[in-house]
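Let me begin by handing over the structure; questions about it come next.
Letters A, B and C name the chains as they come in the text, with residue numbers starting at 1 for each one.
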Amino acid sequence: MATDVRLKELLPAITERIVGTYEECGAIHHLGHSPLPSYREVVEILGDLREIIYPGYGRRQNLHMGNVAYHVGDLIDSLHDRLTQQIDRAFRHNCRAKELETDFEAKAQDIAVRFLETIPELRRVLSEDAHAAYEGDPAARSLDEIVFCYPGLAAISVYRLAHVLHGLGVPLIPRMMTEYAHGKTGIDIHPGARIGQRLFIDHGTGVVIGETTEIGDGVKIYQGVTLGALSFPRDESTGEVVRGNKRHPTIEHDVVIYANATILGGDTVIGHHSVIGSSAWITRSVVPHTTVTIENPRLRYREGDVRPDDGYAERLNYQI
Amino acid sequence: MATDVRLKELLPAITERIVGTYEECGAIHHLGHSPLPSYREVVEILGDLREIIYPGYGRRQNLHMGNVAYHVGDLIDSLHDRLTQQIDRAFRHNCRAKELETDFEAKAQDIAVRFLETIPELRRVLSEDAHAAYEGDPAARSLDEIVFCYPGLAAISVYRLAHVLHGLGVPLIPRMMTEYAHGKTGIDIHPGARIGQRLFIDHGTGVVIGETTEIGDGVKIYQGVTLGALSFPRDESTGEVVRGNKRHPTIEHDVVIYANATILGGDTVIGHHSVIGSSAWITRSVVPHTTVTIENPRLRYREGDVRPDDGYAERLNYQI
Amino acid sequence: MATDVRLKELLPAITERIVGTYEECGAIHHLGHSPLPSYREVVEILGDLREIIYPGYGRRQNLHMGNVAYHVGDLIDSLHDRLTQQIDRAFRHNCRAKELETDFEAKAQDIAVRFLETIPELRRVLSEDAHAAYEGDPAARSLDEIVFCYPGLAAISVYRLAHVLHGLGVPLIPRMMTEYAHGKTGIDIHPGARIGQRLFIDHGTGVVIGETTEIGDGVKIYQGVTLGALSFPRDESTGEVVRGNKRHPTIEHDVVIYANATILGGDTVIGHHSVIGSSAWITRSVVPHTTVTIENPRLRYREGDVRPDDGYAERLNYQI
């Protein structure tokens, strides 16, 4: 053992110095307050909600109409208790001093129940999202493939759940949910965005849909699409950014937005049935039924030493 | 306890309403059918395959030539049984009524064995992929770094395994595998794509390689590159998208495609030894040995209030 | 049981063939060497470091100033031992024959202690990163939301830890750390990059910050931004890529780089207070206070069969 014991004796002093910073840098610790919502618990809640929304695809197999009611009833009962606890914590953490009298637990329970009540309608909407994916992707072989594999449906499912909680005024938890989905899928949808039915996001990595985006029914979005802000004003007196105003675009129904297109600005409206080509960059509105594509992309072609015996589309040699 | 017991009494009715939707929205549940492949099991199978392909890097440490045969033999035996079960499920789920007589388990076992038999050849091919990464990236310090850290090699490893299963006609499981890799790496390679040897994908987030893409040997691809479809035809009578035809480009051998380039269309062929510059957008073929770059990007430069004492490349101040 | 026992009898031969390749393809196995650092262990070390840097947000709840010192002391003691072991392994793996006499364990312990000693300063710097995110994003509602949810802060936290280890000369482990963060967030920051204070990366998916990038204080970066290499020279005699020279750009202080912009080249300097617009593509330096935007993007608008009764910005119909 080459370990130097004298070096280990430095550790208590390091601990002391670290703990000392908890008093100074108050911003990034959460000590001695009422507990925050637990990220781990929120992720588990999402797992249970997925089990209810897509029964038979997940953890519990061999479900049938004869036993599924017990399985779902059990999950709903547990979700009610855990949602109530997490929502309660989110409210307590967020409250201003004057609200301290509020009965947060009762409020949290009421919201948990109202949230669970939306699941039947959410299932109907998500079923249409799944069908939109199947109809929109020639590579899809079955609806089961969509439910199992498509990151777009996974991200939209979490978004729709988070959006309901966001609409019920729950702080923090909706964002924890959508950022969990963002990490898993690369698709970043703010829970505040308003999105119609039959949304299909294909591939999806790099998609960003900002807080005040509005999207109509039947929209298709490919990987790398940004629906973002052009810039945002600051309060003239405080210098702080103004929060909450419309900063992100409006996409009307039946629009298709191809890969890596960027649409920016709160006043930008993409009229219905428009098609936005791959890599287009748009900061002003377009009327309905418009097709926007990059005009002959200004590329420079420089041809090299092509030898005459090179086949133009020569045989590709696959080993595997 | 502020919890309102009357609210909890609403839960059975919510459960009932949810279960009621399982009869209507048949699309997104899987109840009372033969079990689907298990996503969790497929992920564990991938973990074991990784352990065999890259021994000594993973879970089991202290492997040497004297004990590795036991470790691998054990894994192969277990993989045989679990692959057979999952492939069996994938076939049953996919079958048409008339095929119900098929002995799916025997077929599944046969495929599992044929799949395992390809591993020695797959190791050779993946070893060359690893070397291509080391040779292609000045930031790489060792081959171990490539195997441990490079998302490109991780995604290519899963793709090559999934492509073999796809070639053996296994439904659903290959896509579950590549979407798992997509979630982990941001690299989305369809198991149907045909890819030659020595592929190097660097960084990789946002890369999409579509189902009918063909890629020759020695190709380098950077983050955000899309090899995608331009558009796809619909069946004139049914209106459904036509599935299976060539929609994605062909990349000949020794091509380099830099970050965020987009190459679209089933007729688009990028001739060998071509270089496609960062952010280029290409929808037509280029002959071999062509360099394509964005021509003087049309940028607008607006200079602000430069104060004379501003250093142009002033000292950067790193605190850490 | 339809399983064919004769097929199972093929498995030992498959195992033998696989193990046979471990002797040929030496590159991608690690057998009979001293053990490599463990990826799993490195990830757990990152989890414990996060627990110390952001106390109260993670696994352990109900921490307060009265008990946090015990919690942190415990973690530091354990981290010391595990870091020493992993760093020792990284050095042994990396060593040249002539260095075999070195007392790697003593060296590893010394580095582990020096690393832990930087945590107080790292907390101060990360606290400013968190504030920069809050001040930079109108969608952020609280600092807790930043710490919990923002992938940018998560990736920057891992980068700053990895950068310290990289600066202390530890091989492999810093890259394992940043690639773990890359997988979780889609943000790929090389531990060798030099980054000033108050960095804010928003959304972040697809961001690549290369090994020799230099970034000043107060910089904002959006999703899909690449700070990359233009090309890299090869050694004239060996043909191998030259490793280590400056290949990535320098970003001076207070620069904003919007979504999907690409800045390439080791000689490229973006002067301070510049703004690089979304999707810009830059390979030469710009002086301070410059705004670079895509000039009227060359888009082709084709309007379709607009029916007169179509509302231009018709009511969007949200069901949820």
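What we mean here is this: contacts are C-beta pairs under 8 Å (C-beta built on N, C-alpha and C of every residue); 3 or more make two chains touch, one makes a residue touch a chain.
The structure presented is a predicted model; accordingly, all values stated were derived computationally and were not measured.
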item	value
Arrangement of touching chains [line / ring / star / complete / other]	complete
Residue-number overlap at the chain B/chain C interface, same or different (half cut)	different
Angle of rotation relating chain A to chain B [CA atoms, steps of 5 degrees]	120
Intercentroid distance (Cα basis), chain C paired with chain B, Å	21
Per-residue multi-chain contacts in chain B, two or more chains	186, 205-206, 224, 260, 279, 294, 298
Chain C residues within the chain B interface of the complex	1-4, 7-8, 10-12, 14-25, 27-33, 35-36, 38-40, 93-94, 118, 121-122, 125, 160, 163-164, 171-172, 175-176, 179, 182-183, 186, 188, 190, 192, 194-197, 205-206, 208, 210-211, 214-217, 224, 226, 228-229, 232, 240-245, 247, 250, 252-253, 260, 262, 264, 269, 271-273, 277, 279-282, 285-296, 298
Complex contacts: residues of chain A adjacent to chain B	52-59, 61-65, 68-69, 72-73, 76-77, 80, 84, 103, 105-106, 109-110, 113, 116-117, 119-120, 123-124, 126-127, 130-131, 135-145, 147-151, 184-186, 203, 205-206, 222-224, 259-260, 278-279, 294, 297-306, 310, 312-314, 316-320
